[in-house]
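Consider the two complexes below, in which chain A is the common component and chain B and chain C are the respective partners.
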Partner chain A sequence: MGVKYWHQVFNPYSDVSSALISSVFIAVLTVIVCLLVSVPAGYALSKRSMPFRAFWMLLFLIPQAFPNLTVYINIARIFYDFGLNGTLLGVVLVHSVHGLMFSVWISVAAFSSTDPMLERASRNLGAGPIYTFFHIVLPQAMPGIIASCIFVFLESLDEFTGTFFVGAPDITTLPLLLYTASMEGNYQIASITALILLVPSIGFMIIINKFMKPEMLSKLGK
Partner chain B sequence: MRSSTSYNLWLIAPAALMVGLFFLYPLFFSLYSAITTDEGGLTLAHLEKAFELYSNDILFTIIIVLASVVLLAILSISIAALITLSPFRSIVSLLGFIYRIPLFIPFIVTAQMMRTFLAKNGLMNNAFIASGMLTPLETVSFLGWSGIIIVFVWKQLAFCTLLITGAMAALDESQIRAARNLGASRLRILFQIMLPQITPTIGVAMILSTVTIMSVLSVPLMIGTGTPTMIATDMAFRINSYGDYHVANALGLVSYLICAGLAWFYLRQSLKDKGAI
Partner chain C sequence: MTHLLIENLHASYGDKVILNNINLAVAQGEMIALLGPSGCGKTTLLNALCGFMPIQSGCISIGDRKISTLAAEKRNITMVFQSYALWPHMTVSQNIGYGLKVQKVERAEIETRVNELLSIVNLEGLQDEKVTALSGGQRQRVALARALAIRPDVLVLDEPLSNLDAKVRLNVRHEIKALQKKLGFTSLIVTHDQEEALVMADRIAVLNQGQIEQLGTPEEIYHQPKTAFVADFMGANNKLTFSSLASLQQQISLSSLTQSKMQPSFSNKSTPYQVFFRSEDVGLTTLSQDHPKLHNETDAIRILGDVQQSAFLGGSYQISVRCGKHTIQADHHENLLEGTPVTLCVPAGALHIF
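Entry: the complex of A and B
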């Protein structure tokens, strides 16, 4: 028993501290990128009149429907030509594509549950479309959008394969550090890193356990 | 109306463009690279080479996927049925909490946990030795094919059970009550009334699990020691050691085919069921 390894880990100059910082930084950027593209898409797709709605919804499902290991290998190859390998931007883009399915599908559900009458009333009272969106529609969809942010954040925090091909060795996130430590037989460091990675996951599980009923899941996507 | 439609298309464009550029393009690129030479001509040489070098690993991967899927189906249906049909409500609510635990635990953390748990001198064997059930010489390491299956089943069980419990909860309750009033046992209700109605959900859960199993690199790297190994490891090896994208993509093509094979089996089965009605 001892806290020696914990001291080693939380030393401000240790690998773990810097990996934690870059992991969180990448996850926050990924959430921002996903929000920027999925909020407008979710809003547009929540309209039933949208042409080819099923096609667009399926398009955002594709990244989850294929084994993505091969895709990551080829993204790394393409990114190499653009000098994106080993850069923060490259890793954020890879994580964003992976998180996009969650953020788009949850945003669509969130915007679908808003009341269209309120939107129409606001427009009739003379408010512009942009004002109406930010003051009437968006606040109603906020809980769902926050949930999608949490999902994307966790997915990015835990992502290994994409970072392994695109980010390594220049970008080290917690999962990559865990992997290297474990393969080098550095079990103390690996276990502590694993515990750090567990904290947000377990915290989120306790929060969502209240809301996530299996009965609700069967309604997803309708 | 027309202007609002094109306006909506502009709203989707950035997200669609991202999927297209960073997923579909690499996906097609991998297919293209698997069957063409550097000069652009069609060839089967990469696939042949992949089979020549890695046919054992391909077989091993298929066996792991099938074993995991079968175990997953049996376990998740049993747990979901217990939750839905058991008369002991307090045990059920505890079970309902426990089965969800792996849902948010990352694969890499699971792999690390199992590495310390299943190893020859790991927690599990130490517990057996401490309790006097085994001597240190009798312990076996579970790192290898059995460890890989244990990790995949443990991790995916939460997701599959959640989907199947959801489907069972959405069933028409009056049917189950009617069957019970007519004297059907719980087992009979499960096999003759509930399962036939939720086969689509079970199929989807198993296919999504297969895709996940084929996508995960960390588990075969960390748990699967020695040979044979899963093709994910071979692909990473081909890239990192040789920069050989053609053979890696050929193996990728094989991994798509394994998933497509299961999906095809499921679709054919469900079409057959519909035809039978």
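Entry: the complex of A and C
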């Protein structure tokens, strides 16, 4: 395989470049959506006094309990009614449904592993609940939150089925491009795209290794 | 002058009543020790004071400010936590200055105050360390400085010394006491170590199953326990139980003098008598009970027995003496052989009868 395909791929006007850009853009938005849900939800669900705690936790797992295709076809149908099919927002939402499973569960674990006494000490010294959350609780949970962001980012980058049903043909991400390229017998482009997809995964896995504390997961069942 | 007033305080976890009608008036600048066995509700009382748990009924006030319904952050009662609860993502000075930062005190002023506190608790030079790099004793001081920084109305300390090793504990104990005298803060200190309570507190409240059994100065608590529980808890390690004087006589041999001595102490009551006394108050002699020297001290009871066991305590020996059905511990300056007949002599004032 010659260098010429690499040139073709990294040409700013190539399909690959634009797919890369929209993939990353979607992944970043998905991370933001997941954070907006999982940080407050994770904190609330880490409190054992939270009513229906188990129910809420399981709710985020439900999309994984059914075959992927069934779930995504149904989502696509619902999105169609709202005019979300073929839009960026639609794809971000479908990725978020998937990403929330990771981010909520990891956030619950991260918040559960923080020491409630640290929170008390802050209230004790005159800080209100919101000040306490941002200055004491969140910094403690940060490693877990960062790890969940990385997972969500990677999952979004790799996601195929949901993107295919909700986004295609208007939205093209790297995995979709990979699919079309190999369907067309364009194996050089496909291989290079696959390689590009591999880079962030490996990089982030190394970071996650540093950030995740094993005791976070052990606190999940508490 | 009463500063902190707790009236008819009740609190519970679910159905389980933890605090049952606590009444306590603490004067300005006074240090009260809450003393009691594990699980009696000491921490729960502090949590109720600080607003970490709802109370069922009763009233807590500081001066004329009623605080029992206020949120935790509005009470101005600060706590030194048993686990210290320092924030690991902050330096020593950030920990200490936190309360002031929350109050939006100016930066320069926070710095001055933090430095002042660092020198008060002898931590100069450590301000930029992460708290995770400190020793237990140093963390303890940071926790104390942090709680004092906002000049609380009341400081509460939850077993502040229990995580320290014995030697450091003695030092910190004196440091806290000295600091309290110097700065004059009003405080409640929780402990289950009677010696700690005696040394540090102006007054001691002995807690048992969520109730205050006795409140008094260390001397009162030590010498005049009002209930069997207090006597037992304050280290009266000898306990004789019997239903009447006659039954006591059956169990141990008392000298004739003793019988007349003990008679007036006993009124008619249905529950068994419990007599408590400390091993340190027991005079032990190998002289026979008729020896004239023994009759010099008149206001005492005499019990006959023989040595069962002897243990070396460092400063003295603790001798276990078998007296009929009972075993009595006595402190003695020399070792005695098993089986030696002895006479035990306990001054009437050292007996606590319930």
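Structure notes:
Simple rule for what comes next: the second predicted complex is superposed on the first by the 203 of 222 C-alpha atoms of A that agree within 3 Å, B and C clash if a C-alpha of one lies under 4 Å from a C-alpha of the other, contacts with A are read in each partner's own complex, and residues count from 1 in each chain.
FYI, a residue touches a chain if its C-beta (ideal position, glycine included) is under 8 Å from a C-beta of that chain, and two chains touch if they have at least 3 such contacts.
Keep in mind that what you see is a predicted model, and the values were worked out from it rather than measured.
With both complexes brought onto chain A, simultaneous placement of chain B and chain C is permitted, the two fitting side by side without a clash. Taking the C-alpha centre of chain A as the apex, the lines running to the C-alpha centres of chain B and chain C meet at 100 degrees, rounded to a multiple of 10.
With both structures placed on the common chain, the touch criterion links A:131 to chain C but leaves chain B unconnected. When the two structures are aligned on the shared chain, A:140 is found in touch with chain C, with no touch to chain B. Set side by side, chain B and chain C differ in how many residues of chain A they touch, and the one touching more is B.
Of the two partner chains, chain B is the only one touched by A:60; chain C is not. Of the two partner chains, chain B is the only one that A:77 touches; chain C does not reach it.
By the touch criterion defined above, A:121 lies against chain C but remains apart from chain B after alignment on the C-alpha atoms of chain A.
Of the two partner chains placed by the overlay, only chain B lies in contact with A:178; chain C stays clear of it. Superposition on the common chain places the nearest Cα atoms of chain B and chain C 8 Å from each other. Considering their complex, residues 36-38, 40-41, 43-45, 47, 49-51, 56, 59-60, 62-78, 93-94, 96-97, 100, 104, 154, 157-158, 160-161, 164-165, 175, 178-179, 182-183, 187, 190-191, 193-194, 197-198, 201-202, 204-205, 209, 212, 214-218 of chain A touch chain B.
By the touch rule above, chain B contacts chain A in their complex via residues 5, 8-9, 11-12, 14-16, 18-19, 22-27, 29-30, 33, 97, 100-101, 103-109, 111-113, 115-116, 162-163, 165-167, 169-170, 208, 211, 214-218, 221-222, 232, 235-236, 239, 245, 248-249, 251-253, 255-256, 259. Residues 50-52, 71-74, 76-79, 81, 83, 85-89, 98-99, 102-103, 146-147, 149-150 of chain C touch chain A in their complex. Interface residues of chain A, counted against chain C in their complex, comprise 115, 117-118, 120-128, 131, 136, 139-140.
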